[in-house]
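As written, the chain order gives the labels A, B, C, D, E, F and G, with residue 1 at the start of each chain.
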Amino acid sequence: MTTLITKTITKICLPLVILFSISLLLAGHNNPGGGFIGGVMFASVIALTYVVYGLDYIKSFFDPDWGNWFGFGLLLASVTAFAAIAFSHNFFRSAVEFIHLPFFGEVELVSAGLFDIGVYFVVIGGLLFIFKNVGDDR
Amino acid sequence: MDSFTAITLAVFLPFILAGILPAIEKLLKEKIGWYASAVAFMSLLLVAQAAPEIIHGGTIQKSIEWLPSMGINLSFYADGLSIMFGFIVSGIGVIIMSYSNGYMSKKEDLPRYYQQLLFFMGSMLGMVFSANTIQLFIFWELTSITSFMLIGYWRNRPMSVYGATKSLLITAAGGLFMLAGFLVLHAITGTFDIPTILQNESIRDILHSHELFILTLVLIFIGAASKSAQGPFYIWLPNAMEAPTPVSAFLHSATMVKAGIYLIARIHPIFSGTDAWFFLVSGVGIFTMLLAGFLAFRQTDIKGILAYSTISQLAYIMTMYGYTTHHEPGIGVAAATFHLLNHATFKACLFLVAGIVAHETATRDITKMGGLRKEMPITFIVATIGALSMAGIPPLNGFLSKEMFYEASVEMGSLLGSPYNILIPALAVLGGVFTFAYSIKLIDGIFLGKRPSKGLPEHIHDPSMVMLAPAIFLVGLIVLFGLVPSIPVHNFIEPTVSGILLQEAHLHIKLWHGFTAPLFMTIVTFILGILTYTQYSRIAEWQNKFNARFPWISVNYYYDAAVDNAKNVTSKFSNRMQPGPIKTYMLALLLLTITMFAIPAILLASSLLPSDLNFDIPLYEIIIYLFMIIAALGAAMLPRYVPAIISISGLGYLVALLFIYLQAPDLALTQVLVETLSTIIFLLAIVKIPQKFKEHITKATLTKDLLISATVASIVFILLINATQGIVPPFESLSHYFIENSLPLAGGHNIVNVIIVDFRGYDTLGEIAVLCLAALGVYNLIQSRSDDE
Amino acid sequence: MNNTLLSLTIAILFGIGTFLILRRDIVRVIIGLGILSHAVNLLIVSTGVFAGTKVPIIVDDGGHGAVEATGSIFTDTLSLNILAPVLAAGHHTDYVDPLVQALVLTAIVISLATTAFILILAYRIYEEYGTTDLKELRRLWG
Amino acid sequence: MKRYIAYSAILGVVWCFVHGTVSINNFVLGVIIAPFIIRPFKSLFRFDTEFSFGNAIKKIPAQVKYMYVLFKEIIKANIVVAKIVLQPKINIKPGIVAIPIRTKTDLGITAIANTITLTPGTLTIDISEDRSVLYVHAIDATDPEGLARSIRDDLEKYVLEAFE
Amino acid sequence: MVLEILSNVVLVIGLFFVFLAMLGLARLPDVYNRLHTTTKIGTLGAFGVMFSILLKVGFSPIGVKALTVAIFILVTAPVAAHMIGRAAHRHGVGLCKESVIDEYGRACSAACPEKEDE
Amino acid sequence: MNSMLLEYSLIFMVIAIIPCLYRIIKGPTIPDRVVALDAMTTVIVVMLGIYSFVKGSVFFMDVALVLAIISFVGAVTISKYLDEGVIL
Amino acid sequence: MIALAVHLPILLVATPILTAALMLFLRKQPAIQKLLSISVFFILAIVSVLMLLQVWSSGIQAYEVGEWGKYGIILVADLLSSGMVVLTSIVSFLALVYSLDYIEEKSLSASYYPLFSLLVAGLNGSFLTGDIFNLFVFFEILLLSSCGLVIANEKGGVTKSSDKMEATFKYLVLNMLSSIVMLIAVASLYATTGTLNMADISVKLSAMSAAGTLPWHVFGIALMFIVVFGNKAAIFPLHYWLPDVHPTAPSPISAMLSGVLIKVGAYGMLRVFFLIFPDTLYLFKPVIIYLALATIVVGAISAVAQTDVKRLLAYSSVSQIGYVFLGIGFGGVYGIAAALVYLVNHALAKSMLFLTSGGIIHHAGTRDMRKMGGMVDSAPFMSLMFLTGAMSIAGLPPMGGFIAKFQLFDAGISGEYYFEVAIALLFAIFTIFYMFRAMLLMFWGEKRDVNEYGEYSTHGTSSLIALPIIVLALGVVIFGLYAEPLITFANATANQILDPQPYIDAVMTRVVR
């Protein structure tokens, strides 16, 4: 088992890194980052938690089916791409909208961003699915 | 119904009516054999329907569109030759299928039996009426396959399987050679259509003067010889006797084995009149005739005798079709054709007798028989007439064609001059001697002499009329054709001969034609034949010794060696080729890659490296290059896993740093993350692996591997340095478009990301699919074990 | 513009990777594949076809909302003349080639997935065979 | 609930930091996202215990002081170690010493352990099972008692004030 | 201007410390001593450089992120050092010969596995 | 002046990687290598900071931040592996 | 419906991906999974045929993904690619139906459906893409999906999982190497031409060639693609993985691998060399002919040595793919058409044989033919089906394989490749030998020693297993009896391959947004 010290710091890092990963995901279109990078960030911090706290302990209160996560990601990504057909465009035709939100001002909404979220989920789900399966296997 | 339709129906009716057999099997119950006979009879009638037109000197020819883009149609052609074969096939088919009603036990798998017989008959008819080579080949191979199935009718008997395999391998493989021959013929003549070649002298002239003429002939001849069991290919036929006797009678004496003869007759007008034709066809024919005649004489199995005799008799026919010179292209054609018809009658008859005898005595070994003439008088008479016809005794039909054979041999010999004028007739007589001897032996062994005291069933008698009638009918034909030769000659032989010689033919065949050379030869044959028969034991002794001493003289020896050792020899080969450890395979891939790059490098490159090399790089970047190499070397050299993994992880971070210098923050980010993650997965994977294994690299391996690595490195360097010289003007990169349009059209500042999720988002869709696949694959990997336990 | 030293480095990495994949130890081979994939990623980046100096991220916001192509040069002249160059010769841009970076990103992710799979495969192979010596992995042969 | 608010506020700030722009927009966005992140892991964050804003605010001065001391010590530590590294011949007498601690909370223990690591010549190696003893590697381990005393008096005091 | 000079000074000190840390990494006798340099000096060096950047650019995105990096290093570096040191000891890496005392070794000798050959 | 300072500092930092590489390759123990790897990431983080400033681009600072976080994950994981022989 | 007509190419790739995603969610509802997968794959088969008809009637279809023209990724459905897609769709539908009763239930719902769907997506994607890097991506999908499927558990479990691991490892490593080669080649090509779109590359290379500025290293790149596609197609000396992988995979997957997947290699060669590198054909043809001959020889000889029925079939695939490449090497309309006809017939027959072998293995409880014998009485259906397939592979009429061999030999002889045809002919005899030997060993002869190996399974063949085999068998027979449509199609396709201009026009004549 790892030590209290590591556990405490991991616990502190966990939400911060997840936040960071979301930030990387959302920033992706305009800054370095994106679904993959954000997803790996998320996956690594969960992996860190698994490593530091032990898989079984974490599973006792936090046990999502990572298979569903990457399933959702793939679904979201492909549905986003398919959506263009519904608007009588070609598959994967992207759209950019600028909408005005009351508090945040002008916000850029990009269909590709939705796709990137799909990527994010696939990466998280896929990597952690591998982790958990191999980790459970002993 | 016009003649063409009649022929087409004659070919396809058996297929269709046999195809529905499984469906109506329940309906027919035990009448299934009569159903089959009826089908055969229908075909016979249909052939007969077309016959008059041919006999009056015409031909039938028409096509149905089939593979127009290959220039191949479903086309049927009938001339005398085809019609004669059509009669033989369907006629003997009727006889055999009727006979089978008595022969085949009701417990047998009759639907399969008759279905295959009918398929065979249809294929055979299709073959003889085919107007183009490819169609001919198709039906040809179908006869091989049906023959294979029928020889292996008793599928669980090892000898049946052996015989079936042998016949299939030899005949189907021979067929492939024939196909190749047809293809070369096509390349030369530009057509697959046989009548076109037959009717165009200019095409034949082109063929005769073509450099590939001999190749074409040899290839096609291999097909014919393998099918007709000629030359070294004879070996399959004796083993084919594992088939039920009616099958042997039908396929392996009367019809299928004559397919090769048919082919020779069919291509006679195209290839004859050349030395190659004579030496190949007659040479192989004479050789086979003598060898098989001798071997037939030595058999003790009734069907063995008949099998070798068939080979020998086919060789007669082959030899006669081979008789040809430039001026007289068809010396033996008439004789051959007549003998062909006669052989079909007497040999089918003898096979039926063999079936009856085996049926009654429960053995096929003639040394265990004798004196059966009293118990089976009718069978005895039938058999004797058949055998005497085969031996060439007047006034039976065999005598007539034998005479013609001698006549043609003499004529051929004299045309060729010394020493052939003596040699050919002498060899012909020798062949006749063997025939005479084994014919006598057959009758003597079964019916004459004393009944052995034991080994035979007590009550032996003539069989029912169902089995006897077909044989009696054939005997009737034998006698009829012998006494009144004009009936077959006018109706079959003349049209056939004119079809082969491409000119009107009028033949006069009589029983008595004066004291001529052939008559003299016949007498010599009889005398020598009797002499040989009396010396049987001596000859047998000599041959046994000879065989024991020179086992390799037999073709079977090679066949068995090849087939039996095939597995061992090929195993050795494939074990060497596919040694198991993966290194060989990787080396092969690397070497092929190197070779592929080396070919243009050697052939085309004026200089391997371009002249302008660029060394203008910041120092801190150069040092990073160096570090990367060191880290990689570390990963390569460190003996234990974890240090090596740490080293490669270090390499990964350095690569990330380099990506920074190359202005690629996204890449650096990804690299850093992926590196850490793969380190973790590495650790996950090596958890159970002890770090005990250490490869001992020998000096030779080291040298070899270093050499290959260095070569790979060099080609990468050469390729890269050449490729990065820049795009050849005036072209530019697609990237300009991305840079220009990333913001205005895709609304993203990060061009790389926009490419990933938008411009080339489709790639990314694939990429995430790969991630999902890896996850699912790992799941399966882990799962596969849990279930083992 | 080629970078000779970088090319040389990439080539040497290829050499080292090649040497490693010819080893008998399964983990060694996988490490070799790792080095090869680093090398090939660098190779792809180094084939970026024009020498810019800027990160391909547009910093100055060219007025968002302008969803309109700026480069008239890109209205496809190809239908008129299929061989027409995409850009007027001499036109250069400050950014480094973004396309190769996108390609490498894809390649990296794919190689991560493949590496993960092959590593777990190695783990399972060790369980089944009790060795990591590839010479022992020869049940399938001949 | 209070904990949610507190954590959300912290994460809001963090969001600004990782985003690179400190603005109210970013802060609000971070606050909105935060609960979704914390919620699944709430059993890690001891949501069962009481939490009061008053206490937290009261501790701030102590924490600032702790920071100050920490920085001072870090600088000292660097100079100490730098001297050692730059010696022509390295002459040290290191060793691992067991140091008893009074701190009981997770955060406190972690803080003291990390502080020890960052301060002159000492490095936390491990903590005992009963969380009462830290094993500390010291570059100069000739006087274990003195070391223990200096840690208790110079460091742990501030940590206790700031985090207990 | 003052800020400029200050930032440069901090930068130089930071860089110098990082360099020192790496030097210590090479020179000091065992893993525990090396951890001292990398965590203490390395961390301060990195902190210094980041801080210097913050001084140079102010609270612009670069500056804020530099500060984030600095804080993050400060929080995690000791933990990493602690984990490595602990693992080293439990993995069986002995203290260098100059060492005078090992109270941890006594406490966890049962937990320490045999050290494998390098 | 600034840029020169920073150019040189880059070179200086590259040189600082040498001891790290030395320890990564030479060891002698695995923890030594882990320390060295961790130290190397620190150096690279510093380099990224400097580079980011030189280029006036925040993008490299993102990499630095990620590297700082991720190297912690790596170090902890390898340590746990060394300690317990398993990581999960 | 009409609106969807323009989207057919992408539907064939994206629908399976979407299906895979849905399947992941439906892991707990096997019945829905079953229904959904069957209907999706059935619809895909129909869609693929529709697309083929569309291409046949109105020419090459180019589909811009994301509407970015040649700057994005373009899917191109020409006769070759849509033909291959039809083949894929049909074989995969049948293999899927077969799998429902063949793969272990748990594996089936947990991972098999998504893996299988993505395999099909990978195949269709590879065939349809007009972008060389995208081809790489889809190759990776193919690689990993087939790896995952090879290790899937089948009912009864005759194959040891250690064998699966070993085979998968070899397959994976060799393919990773060839992927690296591919990346080198693609990157170098990009560095030279500045584009990844195959039609665009073709335009630029031919312009360079016309201007005399074609650099020599382009030839090197071109020949390196032989390694890339050769490895997919398993031509000598890149065939080593195939005899290990195809036998160890579950039978429906073996059918997919041998039936369709190795054909990707042949497709790739046709696409890349005839579209992108026509200038290098004079080097390519001799190289490929000799590699093809070596492939034929090595595959056939090794097949004779086998005692494992699936391994024999696998080696036979090696040998047979050699014939396909021989046709490609002969070149010309006739040679390529012959190769295509050969390819289709081999796909049908070999898929069918692998499916049949699954039934045989279930029946006998072993893959070792020496431990079988006389099964014709207990498994007459399998016997008949195996014979049908064996005859087709051996090139015997009236099966499709005959037409293929005939056309190939004819193409060779009319191209005056006498030596090559001679070798091919000789080893066609080997083919007859090993196929029939296998049939005889398994079905004819004496029944195996029951005391030693146990009784044959009395479990009858279910209709889910029999149906796909029958459908494929019908295909085999029909293409033997009436091959005209296939030949016409192959000729048209070959003409299209040899004249890349319409392809280029279809891709390049686009308006970029």
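By our rule, a contact is a pair of C-beta atoms (placed from the backbone, for glycine too) under 8 Å apart; a residue touches a chain by one contact, two chains touch by 3 or more.
Keep in mind the model is a prediction, meaning the values are calculated, not measured.
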Contacts common to subunit C and subunit F (chain labels): A, B
Minimum number of chain-to-chain touching steps separating subunit A from subunit C: 1
Per-chain Cα centre nearest the global Cα centre, belonging to chain: G
Farthest-lying chain, centroid of Cα atoms versus that of subunit F: B
Between the pairs B-G and C-G, the one where more C-beta pairs touch: B-G
Longest centre-to-centre distance from subunit A, chain (CA-based): B
Interchain centroid distance [CA atoms averaged], subunit F/subunit G, Å: 47
Gap in Å, rounded to a whole number, between the CA centres of subunit G and subunit E: 57
Distance from subunit E to subunit D - Cα centre to Cα centre, in angstrom: 15
Inter-centroid spacing, subunit D versus subunit A (mean Cα positions, whole Å): 30
Sequence positions of subunit F contacting 2 or more other chains: 13, 15, 17, 20, 27, 30, 34, 36, 57-59, 61-63, 65-66, 69-73, 76-78, 80, 82, 86-88
Residue numbers of subunit D (touch at least two other chains): 18-20, 113-114, 124, 126
Junction residues of subunit C - those touching two or more other chains: 21, 29, 43, 47, 49, 55, 57, 59, 64, 67, 69, 74, 86, 99, 105-106, 109-110, 113-114, 116-117, 120-124, 128, 137, 139-140, 142
Subunit A residues within the subunit B interface of the complex: 24, 28-37, 40-41, 43-44, 47, 51, 66-67, 70-71, 73-74, 77-78, 81, 91-92, 94, 96, 108, 110, 112-113, 115-116, 118-119, 122-123, 125-127, 129-131, 133-137
Contacting residues of subunit F [partner subunit B, same complex]: 7, 10-11, 13-15, 17, 20-21, 24-25, 27, 30, 33-34, 36-37, 40-41, 44, 47-48, 51, 57, 59-60, 62-63, 66-67, 70-71, 73-74, 77-78, 81-82, 85-88
Contact footprint of subunit G on subunit A as seen in their complex: 67-68, 70-72, 74-75, 78-79, 81-82, 84-85, 88-94
Subunit F contact footprint on subunit C (complex, rising order): 55, 57, 59
Subunit C - residues contacting subunit B, complex: 1-25, 27-29, 31-32, 34-35, 38-39, 41-43, 45-50, 52-59, 61-62, 64, 66-71, 73-74, 85-87, 89, 91, 93, 95-99, 101-102, 104-106, 108-110, 112-117, 119-124, 126-128, 131-135, 137-142
